[in-house]
Structure formats: C-alpha cells, structure tokens
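Chain naming follows the written order as A, B, C and D, and within any one chain the residues start at number 1.
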Amino acid sequence: MNERFEKLNEEKVFKDPVHRYIHVRDRLIWDLIGTSEFQRLRRIRQLGTTFLTFHGAEHSRFGHSLGVYEIARRIIDIFRSRGDWDESQTQLALSAALLHDVGHGPFSHAFEKVFGTDHERFTQELILGDTEIHDVLAKVSADFPVQVADVIGKTYPNRLVVSLISSQIDADRMDYLLRDAYFTGVSYGHFDMERIWRIMRPSEDQIVFKLSGMHAVEDYIMSRYQMYWQVYFHPVSRSAEVILTKILHRAKVLYESGYSFGQTPLQLIPLFEGGMTLQDYIRLDESVMLYYFQTWQQERDKILSDLCGRFMNRRLFKYVQLSKDQLIAEDALTDAFREAGIDPEYYLEVDSSSDCPYDFYRPGEREERQPILLLMPDGSRHELSQESDVVASITGKRRTDHKLYYPKDSVLALPESSAVRKKISELLHFPT
Amino acid sequence: MNERFEKLNEEKVFKDPVHRYIHVRDRLIWDLIGTSEFQRLRRIRQLGTTFLTFHGAEHSRFGHSLGVYEIARRIIDIFRSRGDWDESQTQLALSAALLHDVGHGPFSHAFEKVFGTDHERFTQELILGDTEIHDVLAKVSADFPVQVADVIGKTYPNRLVVSLISSQIDADRMDYLLRDAYFTGVSYGHFDMERIWRIMRPSEDQIVFKLSGMHAVEDYIMSRYQMYWQVYFHPVSRSAEVILTKILHRAKVLYESGYSFGQTPLQLIPLFEGGMTLQDYIRLDESVMLYYFQTWQQERDKILSDLCGRFMNRRLFKYVQLSKDQLIAEDALTDAFREAGIDPEYYLEVDSSSDCPYDFYRPGEREERQPILLLMPDGSRHELSQESDVVASITGKRRTDHKLYYPKDSVLALPESSAVRKKISELLHFPT
Amino acid sequence: MNERFEKLNEEKVFKDPVHRYIHVRDRLIWDLIGTSEFQRLRRIRQLGTTFLTFHGAEHSRFGHSLGVYEIARRIIDIFRSRGDWDESQTQLALSAALLHDVGHGPFSHAFEKVFGTDHERFTQELILGDTEIHDVLAKVSADFPVQVADVIGKTYPNRLVVSLISSQIDADRMDYLLRDAYFTGVSYGHFDMERIWRIMRPSEDQIVFKLSGMHAVEDYIMSRYQMYWQVYFHPVSRSAEVILTKILHRAKVLYESGYSFGQTPLQLIPLFEGGMTLQDYIRLDESVMLYYFQTWQQERDKILSDLCGRFMNRRLFKYVQLSKDQLIAEDALTDAFREAGIDPEYYLEVDSSSDCPYDFYRPGEREERQPILLLMPDGSRHELSQESDVVASITGKRRTDHKLYYPKDSVLALPESSAVRKKISELLHFPT
Amino acid sequence: MNERFEKLNEEKVFKDPVHRYIHVRDRLIWDLIGTSEFQRLRRIRQLGTTFLTFHGAEHSRFGHSLGVYEIARRIIDIFRSRGDWDESQTQLALSAALLHDVGHGPFSHAFEKVFGTDHERFTQELILGDTEIHDVLAKVSADFPVQVADVIGKTYPNRLVVSLISSQIDADRMDYLLRDAYFTGVSYGHFDMERIWRIMRPSEDQIVFKLSGMHAVEDYIMSRYQMYWQVYFHPVSRSAEVILTKILHRAKVLYESGYSFGQTPLQLIPLFEGGMTLQDYIRLDESVMLYYFQTWQQERDKILSDLCGRFMNRRLFKYVQLSKDQLIAEDALTDAFREAGIDPEYYLEVDSSSDCPYDFYRPGEREERQPILLLMPDGSRHELSQESDVVASITGKRRTDHKLYYPKDSVLALPESSAVRKKISELLHFPT
C-alpha cells in the first residue's frame, strides 16, 4: 500500500441505525467527510418529497453516503480475507463509494426536469473542480481525483471496482434499500445482505454470485421491486413532486417575464438564467429552497403563492388513474379548467411512472447496468432471470401507469350548480 | 359521546417506524394534522443539533407529535376496555397529546436563551389565537380550545388527563425515548412500553403503577438516564448548540449596532427588536434559519461568517473538562484569547450540564412533574425511589459538569512559537 | 353473547417474541391451554428435524398454537370495530384457532409415512373423544366440541370462520411464517401483517382483500415461497427426515420379525401392531422418541444402532442431485451398495420435493385451499395471480427436484482400491 | 501459527438469530462441533424450567455454546487488528469458549441439589476423559486438552485468555443475556455489545474497559440485573424447579426403599446409587428425563405420579411471600399439611432467592469473578462501582426473598368446612 495513505491514530466510528457502526480508519476518508461539500449532503433529503407520504423519511444523503462507504469497506474486507482483492484499489473504491452522490442537489429530479441540471455532471465537477474535496483527493496523487471521477462515471478500466459501486447489486442499492426501509418503517426492503456478501465472487470484469445463494439475490430483487412500487413511486409523493415542478416552472416564467419578486431570489437567478457555476450550485440546498417556498407564500402572484402554500402545508393534488379514453379526454379537461379559471398549465399534469428512473431489473437495457450473473457449479455464468422464475416475471416489463394530478379542492370550490364544475366532475368521474 | 365529534368514513393510517401504524378515526384529529401550523413541525427537528453527532437524528417534531397522540390513544383504549375511562375526555386528551409541542420553534433552546422566547407560551397562543388550529378546535365548542390549552398548561382540573400528557412517565416521554433511540440507532432507550400500559391504573389525581410491574418502570427510568447522558447531553451536540447561540447573539449585536446585512434578515427583525407576533413566529422554522446561516457565510463581519461556516460545515469547538482550578483560570484564558485576537465573547464558553432541562427523575423538585407512585397490594401508594434501589441511586442527584468550549483550530493556527499560544495551551492543558 | 362464556377476572398474558404479548380474556381459552393435551404440544417441535439445520428452530407447536389464536383474536377485533363480525362465532373461532394443530404427534411427517397415522384424524379425536379438551369444550354446550371439530375439519357451514383458520392466507400461515423466520433467524418470512389485516374484508363465503393492499399480499406469498425453499425443504433437514423414516421402518421390521429389544419399546408397540388408541397417541411425544433413539444406539442390530447414532449425533446422509440419467442408474447403485455390504433399503433413498406438502400458492388445485381473491374497486373479485405477475410466476408450478441420499462416510470407509468403491463413486460422480 | 491448526477449505456458517451468522474457519472447531458430546447439548435446554413461564425459552445450550465461541472469535479479531493479541492462544481460547458448558446435564440445578453432581467436574472429565472431544483436542498436541480444561477451570496462567471466557463481562455472559432475551421475547437484555468490544483493552492479567465507554458497561450490568429478576428468578420457573427437585428426591427415596418401578429407570440407577460414570452421564439428557416423568405418571406411588403429572402438564405450586412471622409459622403449617394428608416433605418448600447462583455484580465476593476495571485517562484503573452510581446501587446487595411453595389446588380440594382447610388458609392468608 502507498505510504500516502495515512491511518488514523485511532479508529473513528459513526453510530448508524442501519449498519450499527460505520468505521473509519483512513485519514483520507475522514478528511473527505469533513469537507463542506460533503457536509452539505446533510441538507439534501435522500428521498425528496417522500417525507410527505412517509413521515419517517426525513433522512439525508449524508447517512446514505456513509452507508455505501461502509458496505464497500466490508465487502472489500471479505474479498481481502479470501486473498481476492487488489489492495492498491482500496482507497479508490472507498472514496468513490463515499462520494458517488455528492453532486445531488435539492429535489434533484424536479430540478433536472425544469432547469436541465445534471447531478452526475456536478458530481464530476465537485471531484475535479476547485473544491475542498478535490484538495483532499489531490493530496494522494495528481491523478487520484480523475480516477475517483472515472470510477463514479463508470469509465475506470478496473471493472471490478466500478461494479462495486455501480451495478444491479452494488453497495449503493444495498444501502438505500435497507436505509429507506428503516426510515419509512415499511416491512419491505429487507434481505440477507451478509449472505449476498458471502456468495460474491470478484472476477475480472464484474462481481458474480454463487448459484447456491440465488435465493438471497432473488429476495434482494423482490425487495427492490416492492420498494419501487410501495415507496419510491408512491402517488402521494409524486403529487408533491408535480407541485414542486410547477413551482419551479412558475418562478422561472415569472422571472423571465420581468416579474418583481418581493425578495429577490438571489440564489436562483443563475438557474433562471442558465449560467450556474459550481459555487452557485454548492450553495443550493433544500433549506434554501424551503426558505423561498416559505416566503413565496406571500407573493402577489396567485399561482406561485398558492402552489407554495400547497407544498409547505401538504395540500396536495389528488389524482385519477387514466385509462385510454381519459387520455383522449385531456383536451376537453384542459378547456374546462381554463373555463373555470384554473390554469391547466399549473394545475393539470399527467405523470407517467415509466418516466421515472426505475430499474428494478432490466438486464441489458441500460448499458451501464450490468446484468446479475450467477456462477454455476461448472464455472459457467448464467444471467439471473434465466434461473429464477420470480425475477423473470418482473424483468424488462415496463409497467406504465398514467395518473392525472389536479387540485380537487379547487374544483370543489366552484359553484355547486355551475356547468363547468359538472363538466369537470364528469370528465374525472367523481360525483359532484 | 357528543355528536360534534365526527368519525371518519374510513380509518386513516400513517406508517410509523416506532409504532408500526398511527391510526386516525376522528375528523377532529385528521383536521388538526392538516393545519399549516401542525405541518410546520416537519421543519423543526426533534433533537436540534444532535444530528451533527448522530447522523440518523434528522427526524422532526411532526412524527413525534403523531407518536404521542398514538400512545395516548392506545392507553385510553386499554382504560376503556377495563371500564376505567371517562369517554367525555377522549377527544380532549387526544388533541392535547397531538398539540403539546406545536409551539416549538427552530432550535428552541438556543433561541430561548438569546431572545427570551418561550415555546410554551407560543403553544398556548397557537391554540387560542388566530390560527387554523384554533378554528378546528373551536368547531367542537367555544371553550374547547381553552380546555386543550389548559391540559397542555397543566391547569385543567381533571388531573388524570393532565398526567397522561405531562408526568414523569407520560405519552410524551415514552414516545421520544423510543423514537430518539430508533433514529439515532443507539441501543439504549428500549423498555417494555406495553407492559407499562398494562400496569397503569388511573386514579382521580394521576396514573399509578401496579407494584408487580415495577421492573418495567425501573427499566424505563434507566433508559431515560442513559439517553440523557449518551444522547441528549452529548458534548458534541452541545458544542454545536454553543456555536448556534453565538451566531444568534452576534447577529443581534450587529443588528443593534446598525450593521448593514448583505441581505436583510426580514424574518428575524421581529426577534431582534423584541416585538414578535404569532404570525412572525409561525413563519420561522429551521429551513429559514439554515438559509440565513448559509448566506451569512458570505457576510463581511468575520465573526458572523466564521461562526456560520463552523455550524454549516461542522467545524465545531473542542472542549476541555473544567476542574475547579480551571474555573478560576477562566479570566486568564479570556485575557489570553483577547491577546491572541480571538474574541472570547464568541469563542469561549463554559457550558454546564446542570443548566440543561434534564429531569431523569427528581420527584417533587419541579412541582409540575408528579412523582411516580406504585400501587402496593394493600392499596397504598409508595413513591418509586423508595422501592427501587436503582432509581434511588440516580434520584435527585445533580451531576453538574462544566465544559469549556473553544476553537482548537484557531489556537493551532497561531504562530507555533508565540507566547500567547503557549499560554493558552498551558491553560487548556494540551501539548502545543 | 352467551352467558356460558365467562370472562377472566383479570386478563392473562403470555410474553411472546413474535406478537409481544398474547392476551387471554376468556375462561374457555384459559382452560383449554391448561389441559394436558394442549401442554403436550410443548414436547412436539414446530419444525421437526429443521433444528439440525437451523439450530434456533427448537421451538414447539405450543407457542405456534398460541400465536394462531392471538392472530385470530386480533383480526376479529378489527372486524368487530367495523361492525363486520357475528359475535356468536367468536369463541368458536378462537377455540378452533388454538386447537387446530393439537393432534400433531412427534415428527409427524415421518410417522405418517411409516405407520399411516393421520394427525388430522387425531385432532378430531382429541376434540371429540375422552379428553380434558373435550370436557372443557362440552361445558359450553353439548354440540360445541363438534362445531370446533367442524371448523378445523373445514365442514362448518360458516365459511368465514373456516377461512380464518384454513385458507391460503390464514391465521395459521401468518403465524408460522413469522415465527419460523424468527426462530431460525432467516431474513425471509417478514411481511406487513397489520396491513393485511386492515385490507381484509369478510364476506359470506370467505375473506377477500382490497386491491389497494395487493402488494402486501404479494409480499406474503413471496415470503412463503422463500421460506419453503430456504427453510422447509432444506436438503439437510430432509436428510435427517430420511434417516428418521429409516429408523422407524427398521424398528417396525425388527419388531415384526420377533427381534428382542434390549428394552421393550412399550409406547411404540401399538404403532407397530396398528391398534393405537387415542390414549396411546397422547403419550407419544418427541422426548419419548428421542429416549428410544438414545437407547437404541446400544442395540445389537447394527442397522438400528447406526441409524440412531446418525440421527442423535447429526452424522447425516449426503446427497446428490439426480438427473434423469442418474434416476436410471439407481438400480446399478442399489446393486453396488448391496455388494459393498451397505443395505440399500436403509442407506439409499430418493427424496423428491414434489412429495412434500408444499403449497406456496396453487389456487384451485387442492379444493380445501380457497384461492386468494382481491376485491376490486367496482366490487368484483379477481383471483390474485391474475393481477400479480410475481405471484403468477410461481403459481401452480411443480418444481420437482430429486435428491439421492446416502451415507458418504460409509462409502469412504470402503477399501480405497476396491472395485465396488470405485463403481459407487462413479455412479455418484464424486472423485474417489 | 502452528501447522497443526488446519483451515477449512471453505468457511462454514451457521445461521444464528442473535449474531446473524456464526463463522467457522478452523478444522479443530468444526470437528469439536461434530462430536456426539457437543451435539448432546441440543438436548439440554439453556434455561431449564423457564420455558414453562416464557414459552419461547425452548432453546438449548447448543446455540449458546456456538454464540460464546462466535463472540470470542470477534473480540480476538478486534484485538488482532490492533496488534494486541498473542496468536498462539487463538485456538485455545476458541476451543474453551465453545466447550465451556459441555458438562451441563439435564436440569442441572435440580440434579446437583438432589444428587450432588457437579457440571463443572463433568466438563473437565469430558475434555480430559475418553471422549470424542478429547480425541479431537489431543490431535493438536498431547497437552492441549489439559490447557483447554485449565482455561475453563480458570487455572490457566494466561489470565487474559481466562478472562475472555470467565469474568464479570465475558463472552459467556454477553451471549446468554442477548440470547435469552431474544428467545423469551423480553425487552431487557439488550446492550451495545459492539461498543463494549471496542473499548476493551487487553492487559496482562485481564481485560479492562476504557472510561469513555462506561455507560455501555453500565447498561450491560443493568441488563443483567433485569434479566435476573425478570427471567432467571421468575417465581413460576422456580415453582417448576421445586417440583422437579421433589420428583428426583421421591424417585431416589423410592429406589432406596426397594420400590419396584413399573419400568426400571436404568439410566438413573447410577445416580441413585452414586456411582455414575462419565458414559452414564453423557447418556442423560432432558429427553430421557421427560421420558421418565412421562411414564411415572402411571406409577402406583401417588406422590411420584402426582408430581410428574404436575410437571408435565404445568399444574405448578402456588406461592406466598414469606415474612418473618410466616417463617415462624412454618412448623404449624407443616403440621396442618400432615393433618390434611398432604405430605409436607414433598408439598411444602421454602425457596430463597439468595440460594440461587446470582451474580449480577459482586466484585471480590467470589474470588473467581474478577471485578470490572475501568481504564482511566491517566492509565490508572478504577473498579466500576466506584465510578457508577447506578452500579453501586445494586452492588453486593443480597436481596433475599423467601417464598413458600405449595399446591393450592390440593388445599382447595379439602372439604370446604373442614377445620384443617381453615387453618391452612389462615396460615397462608388466603380467603377460603
């Protein structure tokens, strides 16, 4: 091992509800955790708007990042004890595990939709640009930051290191399934992580899994499946996400139209104008966004203040499941909303789950996700869904569901006998 | 039961990691949860600065408030099944349980120290003043809001209802011990809550506990003791609390001296000027505070920007345990800091645990906390610490410990050979 | 409610690791638990030979029976609170839940295979015959024992009561999945039982499940699937089961041939001779069987003593997975074993999982197991596997796997150069 | 390391509910587990008669022994990673951990009371005598069995190795507290084991504990305290223990008087006659005892058959707490029982908790239990109860409580108006 990698005098630990303790023995890891850019992850929630559905889900990306590091550390320990690990890759793998999410911004998904930002690009910049993180990494060697960025960007030549962080069954996914299950309190999301570790076999290009432990892998895939449908795609969280998107969109439109805000949203102007620097980005976090939503409740613009009030006070949109016919009826609904004085641009949204970044298991579809390979007793490798009926049943299926979100309270506030209320009610199939 | 208390058509549930599910069957409770003042609790952390020590402790007072309600609901169910409950008090008790913490502001302890605000007063105002909560409560009857406020204020004549929410072993404490243990991940904080419920016997003036379950009560008291020393008084969280206090103090001093902030802290001016209204208060939450700390990192005032940077990026003060001699040496230290150009008003603080609102068990000392009474087989009542050696051992002991907090990094940044650095190092007993 | 159903003066509780507490409020239930026939369940393990694979699985049918009772009690509580329950059926349903397994004998599966006993018949006899259980039940009314037997026998006219105890998703299965997972320590077997309870809707003929909770039901089915393959059909437990069967078979053969046992196996003679009475049966339990296995280790008959030594000291048979070719080769193997002096009647056994009583979900196949029906929003009912891809993937599939069990140690004890050892090794494909 | 210590080709694991997995990498440990003497522990319950109070407590000493081994293994791993461990002692320490309880017989406490057997002596004999265990150990070296016996006997010169297995806070106690809490389901018994491991500092004579983790040690002591009073000394289990003792005593008296048993209790004759060999002892287990209790229910001797029926069917004795006066009244009670035809020798017993082998913390009292020493920042050592008020409060206190056990049902079966029933009722203070 390189002498640039200093050990701490005494191991440091973080108490963690998921892994009991997170152990840090390396000066490098300790210093990375201490950077302001890493500490910023405390102000970015792990699950965006999900806390409005599952009130326990208030945990941040800080704990998750530590958890991914810890899982990578323990897997490497197991590989090492079997003589199956190249020690020169340890610090690189651990750094990449720790930093893989560092570029996430507040409510990333909504932001990326409205402003076209890209958290993966910012992760790269945070590692390579003028940051404390870069300074810490560069102390190892001049090219170490680039190597870390390459592992996270999946272009690093050692595929084994890449697959530890980014594969269908990696340290990232293992941590978030267990962690999100813990904080939401749902009973899905459990699987036998230690068993999976024990059947992992590193190979040149990726980690493969001994057939004898297939059922543990199957169970992991099912946990993922359940978490996607029960937690990550929950329609109430999606409603909050729709409103969030509308708020950002409205603010942008207002800014572009020269609207004068009660208090100038200094931190957001780079976003509105498109010239956001790394430093601008780092200063954004969910506290800043919530501060604006808080103050915008008093804005003169009725749409902006109403949407912000909805988000802050959880007066969310309701939804109807859309069948084919209703998709056709969308135009009529848009017209009716307009007639009722409810701007359909902000108060009517079709949200389709297939737009979501789901991937509970689609081998081969997105090239960057390697399929899960089982190591057969004869040394050959079989793709998981060939062996498992259960996994096959959910593989590669796109379960598109369309939901139309709208403010039911606003509709119910229309005069009871009005024709437009009646029309909307009919289109949405609810008794007026 | 009064017909003003409407049942929901269908029970609503919240998934909760501590109690599995929180069940809501009453329109009143459902409406209270939906008020903007209650939703605001999502933006007030349950444990203030503790998340900087235990990263899991990011949970808000929202979940805790639901939890207290749920415990009260279940205890009442048990009393009811034994025919031991006056049904006319149910909605009152549940409302009070739900709302008992609603007046908490951001980082309450530090705020109260610097600005003299009082969360208990605001709880009263939020229930009695011009709020959505008040409107919901007043629909029950004109005097219902006052009754709820009286239960929380401990002046309500039915002492049994009061003791359910405010006693040494009440729904509030039971929830927070279990919840804080869950989110921090510590192994303290567990006790057999269901056993305690089963041995509770309501009496006219308070709840008493059957002797046969004394050990469960003992275990609860020990959990509280461990949680206090291991979590609530953790010196690292107290360091963050010290810095927080210093930030608020500095901002106030600057405002009073006519300092011009880069961005006027509109929401804080009522605090600085002392004329804070209920509406001003409601708008304050931890996002707003973190927004200011974020922006103040760029302030011209070096002290304010440094302190905010410390808080946001967790560059906390270190501490030394103070013996008597060192307490005497404080003046010398203050002088040395001043000589070194480190303002002791902001960078030197003695924090004493005996100032903290701890109460792991002191029967009789604070009149509002009733002692825990055991119901003996002969019908008499004995105070817990008379029967339990373990509880007696920690009862009424004031374990004062003094810690001096200071920025070790700043001291180490002084020229290594300087006399002042040497002097400070000697006074603090660390090798220079 | 009938006055014959006396309440206890004070609720009794059992501490239970799975349900926290089991609550008994009825004299009838309390008295049933106190009968010697129910207490006997403490001496019958819940999972037969599984403790030899998962050492935690030493729990008995006693705790399971209490657990089934407790689940039934809680479900009825929920139905009752919705006004959905016929109170006249409560004691009947609870008694049937408690007693459903009372006829199980020691190592039931092996016993039934060798001696043709039938635990379901004995359950009926224990309820209807001359037993303490019958006396307790008959105190309710003359026909109450028959009603309890009918519910357990699935012939009782009220199908709802039957389905509570015997359906694809009943109190029995819910308890054993959770309990067996708890005691073995596996991470499978968890599902959100409380959610399932909440979406249960009693109807005239059976319980149906609201579509909105389909995922919880899906998760339950997957738990069952995993528990079957990971725990219940574990090949090591099956090896112990094979040996057990061989012991019983050998003892029977010896007895029939007039062999004189060192100590006459008084309790087993009725089994050997086929005239077992109810009283004979009740006296059998696993302690008695283990006592015989213990003493038979010293028997003169080499086969009996060897097999008993294997079972007691966990020197189990090894197995090879059988392909078609190997099934064909079985005759050759039998010959080779005989040639080697290893009696194939006792030391060679093909065990096929499809013989096992598995039922992880086969709607309609065994008429007594009702399919799981989902209640759609329009009031219609759909069978679960029509709605769930995951459940469909494992429905009605018979995954037959054949394993050949044999004593590898005995083969390895043959002279290394012997032709017969070589032949056996070849047939079993292991390197000699 | 010595080449005699062979590693397994592949690590073996046992699924364990307490430690998740138990890992075996050494041929020596694997072979010890496979011996018939170690497998016998599956037929000895960990908590004797406690399963009659807590139905979950059916677990055997087998799992506990694996657990003690696993804890020792993990502690050694931590010491090793700090360079604080003498590798030559590893296999010795692990073997001793695994085997420390191997000499326990069925219901040890009652047996030792009636027959004067000594499980510690049998542990020594099992290691040193003609056993499979001895053969496995002797393969290491001729003196290895003696070393293992010396570690367990606490006479081995390396005090550190001894203290790992036998001290106030050793692998044995840590495992049984966690395990017994798990299987009984009680909420006591939890403590932060990993924290304790991390603050352990091996020294020449024993393990000491860093002051900074005192609270974790305190919590462990409190768990022990609660487990003793809530589980280990539970009066219902003690009632079963009293009956068990009476059964053994009665059987012995009958044998000595030449009574002819229906079925000669072959396995027990060496006990009755006092010449028990190691082989006799090994053949005894709880199945054998339960077999006899089962058959003795049909014995002609009324006392023996009644007592066995009570034990098997859990018709236990009731108890009254004895005050001084009642202790004085014992003679009167004995006379009254005799008058009523209830033999006081078998149906009246004063059981005093101070007779029990409790040791929740008494430094110095029993020389073989070292006190817990805290390592102070200045390197000195302080005994725990000097630093901890809580521990001091329970240290060295002998809480003697006397309970008189008797068959209430037999008393209630006396003619209601009889003088003797009235007298007994008065002496026992219960309303007739």
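What we mean here is this: a contact is a pair of C-beta atoms (placed from the backbone, for glycine too) under 8 Å apart; a residue touches a chain by one contact, two chains touch by 3 or more.
Chain by chain, the UniProt names read as follows: A, B, C, D = HD superfamily phosphohydrolase.
Here the structure is a predicted model, which is why all the values come from computation and not from measurement.
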item	value
Intersection of the contact lists for chain B and chain C	A, D
Longest centre-to-centre distance from chain D, chain (CA-based)	A
Centre distance in Å when chain C and chain D are each reduced to the mean of their C-alpha atoms	31
Interchain centroid distance [CA atoms averaged], chain A/chain C, Å	44
In chain D, residues with contacts to at least two other chains	20, 186
Chain D residues touching chain A - in the complex, by the definition given at the top	11, 13, 20-21, 194, 198
Residue ranges of chain D in contact with chain C within the complex	14-18, 20, 34-36, 39-40, 42-43, 51, 54-56, 58-60, 62-63, 66, 182-186, 263, 266, 283, 285-288, 290-291, 294, 309, 312-315
Chain D partner contacts - residues on chain B that touch it in the complex	186-188, 190-192, 215, 218-219, 222, 225-226, 229-230, 389-390, 392-394, 397
